[in-house]
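Order as written gives the chain letters A, B, C and D; numbering starts at 1 within each chain.
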Amino acid sequence: MKVLIIGDVVGKPGRNILTDYLERKKSEYDLIIVNGENAAAGFGLTEKIAKQFYEIGVDAITSGNHIWDKKEMVEYLKTDHKILRPLNYPKGVSGVGWNIFTTPAGEKVGVVSLQGRIFMPPIDCPFQRITEVLDEIRKQTTNIVVDFHAEATSEKMAMGRFLDGKVSVVLGTHTHIQTSDSRILDGGTGYITDVGMTGSHDGIIGMTVDSVLPRFLTSLPTKFAICNDNVRINGIEVELDQYGKCSDIKRIDLSIEELDFADFL
Amino acid sequence: MKVLIIGDVVGKPGRNILTDYLERKKSEYDLIIVNGENAAAGFGLTEKIAKQFYEIGVDAITSGNHIWDKKEMVEYLKTDHKILRPLNYPKGVSGVGWNIFTTPAGEKVGVVSLQGRIFMPPIDCPFQRITEVLDEIRKQTTNIVVDFHAEATSEKMAMGRFLDGKVSVVLGTHTHIQTSDSRILDGGTGYITDVGMTGSHDGIIGMTVDSVLPRFLTSLPTKFAICNDNVRINGIEVELDQYGKCSDIKRIDLSIEELDFADFL
Amino acid sequence: MKVLIIGDVVGKPGRNILTDYLERKKSEYDLIIVNGENAAAGFGLTEKIAKQFYEIGVDAITSGNHIWDKKEMVEYLKTDHKILRPLNYPKGVSGVGWNIFTTPAGEKVGVVSLQGRIFMPPIDCPFQRITEVLDEIRKQTTNIVVDFHAEATSEKMAMGRFLDGKVSVVLGTHTHIQTSDSRILDGGTGYITDVGMTGSHDGIIGMTVDSVLPRFLTSLPTKFAICNDNVRINGIEVELDQYGKCSDIKRIDLSIEELDFADFL
Amino acid sequence: MKVLIIGDVVGKPGRNILTDYLERKKSEYDLIIVNGENAAAGFGLTEKIAKQFYEIGVDAITSGNHIWDKKEMVEYLKTDHKILRPLNYPKGVSGVGWNIFTTPAGEKVGVVSLQGRIFMPPIDCPFQRITEVLDEIRKQTTNIVVDFHAEATSEKMAMGRFLDGKVSVVLGTHTHIQTSDSRILDGGTGYITDVGMTGSHDGIIGMTVDSVLPRFLTSLPTKFAICNDNVRINGIEVELDQYGKCSDIKRIDLSIEELDFADFL
């Protein structure tokens, strides 16, 4: 089974390249998972954008700390369980943190959204909370994808090691920069510290240099603006075998021009 | 001019692979820069290790927040100016933050060690402090390498953009995971968010899983232990042209076996 | 000379009790200093509110991290130098961090707004920056009041000790809770870790329990609402002698009813 | 019932004044609770010091983040349940977070050690975890004392409000500076944001100025040294009525000289 996992889609440029990419490539994948926490102009997600994602072929939307930015989400998450907010927000918080998705061929995949705590808001322990649900997921399927949305590389690697052999893939999001360490761990779990960001790669984490740099120079609040230059899709393709092990993990970091040129060859 | 820049060398396994690598490849480079903040069992640097680095061919040692871990450094930094502690520690702090190094061919290279502030100790502004010294360095050479030791990807990209066109290379260190975004920016500056870590890649940031994972599970202090498995060298090779522009940037992520096998082919 | 220093005024309830207090007591003070960073509904300050403060007798407005919340301030601070933004924002940032104020009797008082860095945004070193301006202030007067807006008690006590004997008073703000440690240090400097907050004392840092508590329970963003219950004025009264030493420091923590009752006795 | 609660005892000077104080006053109290996280030279607690505390009359020892500083504690906490480590460390961590203590008159008091998360290590939610045990404690007694060891005033006030009417007292520790806001909340719960620190009040949070100030000036690590000047005992005395409500809360902030002088009068 081939699963596509796309890193934080930032604003309209990110949504556009995702649309273009899926138009060309959708049929190659059994399941398509997209991190949508920055889809709405960089800050959060809306019902409208979530539905556009479904239309272009997205099966599951994972997220992170920014999922709460648009107020409507708190209500909307109660009914749309294809969007996953991080599992380890306190019990009682709106929405679900994991769900089972079914491929066209009828195979089941458990997808989990999880969030780190180092340099991030204090929430429940991600290691505890994933442990609590893992048995329940494994009863239904051994194909399990965990999007661990976290800042610190140490916490991300620790999660990779902690879940090695128990899930199919642990992929990091949140830093918006792809790491080069994609690999298959000893227990058969695919791992990468960060899949990167889908949006402009000529700004700063998807926003214009002009809107972000002054914040570092002055420590004053600034209003961030979406950047449109050098838009790239970032993510990974993973191959899962019949036991839910990861047999292949490939990084994706492409502009549409590069994609089309590669296909032309 | 070809410059080798090696990411945080962690403990003995890191020092050993660096020795092995330089034995084979040293002659290919005009200048060799190594981040040494974790060279002494993961925590800091000693005079003895610094001198071993010089013996195997290292020209300059950059560093970061861990450079102060071994007390002797505060004194030693006063006389050994081939070690650079981050420039933006307050004025009056022991040691230097930049220096000019000369290649065998007599070319000059300014090397700067700089540290970020997001999720890190509060020190002087890295943007201000690099600006203050840049003119002085540029009077001597346009070949300038900046090791920006920082946690947040946004701060690192901001520094890359800020220095684009003013220095030859901005490379990140500190996260111990190599990023895949090496490139040459519009102004001719080579850039990568993090060059990664030289040491065990089967632990967690160079330490054993067993010594680090409990800290995430319990929040209790644990004593970290150096990991010896799957030791790899991480860094970049950059080519600088006669104007100090970066004409090529290549990521290095190799075990000695891979290196020898590649050379065998 | 008797100086009144009022802690963070929060929203309309805070402004109202300040008005009531000054109506009754203004004539007793030679200089009136108010921290205004939360005066505009809890977040920042406006030109209109600043001018209301001047009308009721306020001489100087100190501030802190929230001073930038209302965008108009960045422009307004350029011309109104009775408002002090923290001195140790980077050079070039709008506004001034200290100024000399004159009492009705013609005596000069230097007032400084300074901000901590522990658990706060990274800005310039407060110890360095106050040192840079102290000589200049002392040329004009030895009466010097420093509002150190900071979170960590250790940083605040460190500043108190650092400035002991060099300024008349170091008073803390930002935590919104008055500390009981007002005293005169060995060098003659009046000191208190935090003067407290002027506004509702039945909420949480001036906001309603209902609007703040859910944030701790869920880690989701919530919109804070000003609380109107149990409004109290918090601050200190300090007596400065002819050498600029603090000869007396008294904590103020009163409701208007308590004030009127005390005056009635 | 009269309960004495003493804030963070720092090193030998803190232990000595506690001994002196209890020699004189012990008989006035039905229960004596001491925060011991800094008793061992400022960093942690040892079995030996805990036993000294029991000898001088201490009934219960609460703690905080520093309780883990001396390695022996992890083992010792397994058997000595008069020491409470913060309840909201993850389940499975050594030691207990609450216990029932009995007064000489046979009355029961539940004592809880709890820790905040804002600007502190990520642990379980203190609001969740206290809620889980409250029923169990209340089955045994309505006399309940909660030491909430936390940095942020907002989190502390939120806990006070959250537990108002459910416990007898919520007192804060950790900042080492006493606040002036001791009061009885609407539901009958005694509250104070911080009871302060028992040790030298002429240093910085109990340590010498000379050993702490350089850290703020240079951001380099320094070795802290216990300060011996102006040693004071800080804490509160609370009166609990037969329903477990707090009928009186008095702040204590005394040197032995002041205590003896007061007794002399």
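The working rule: a residue touches a chain if its C-beta (ideal position, glycine included) is under 8 Å from a C-beta of that chain, and two chains touch if they have at least 3 such contacts.
By chain, UniProt protein names: A, B, C, D = TIGR00282 family metallophosphoesterase.
Here the structure is a predicted model, which means the values were calculated and not measured.
Trainee: Which neighbours does chain B have in common with chain D?
Mentor: Neighbours common to chain B and chain D are A, C.
Trainee: So which one's got more C-beta contacts, C-D or A-D?
Mentor: Greater number of contacting C-beta pairs: C-D.
Trainee: From the mean C-alpha coordinate of chain A to that of chain D, what's the distance rounded to whole Å?
Mentor: 43
Trainee: Measure off the straight-line distance from the CA centroid of chain C to the CA centroid of chain D, and report it in whole Å.
Mentor: That pair's centroid distance is 30 Å.
Trainee: Spell out, as numbers or ranges, the residues of chain B touching 2 or more other chains.
Mentor: Within chain B, the residues that touch at least two other chains are 90, 122-123, 125, 217.
Trainee: Please output the residues of chain B touching chain A within their complex, sorted ascending.
Mentor: Per the stated touch rule, the residues are 119, 125, 127, 151-155, 157-159, 161-162, 175-181, 193-194, 196, 201, 204-205, 209, 212-213, 216-217, 251, 253.
Trainee: In the complex formed with chain A, which residues of chain D make contact?
Mentor: 90, 117-118, 122-125, 128
Trainee: Please give the residue numbers of chain A that touch chain C in the complex, ascending.
Mentor: Where chain A meets chain C, its residues are 68-69, 74, 89-90, 92-93, 121-123, 217-221.
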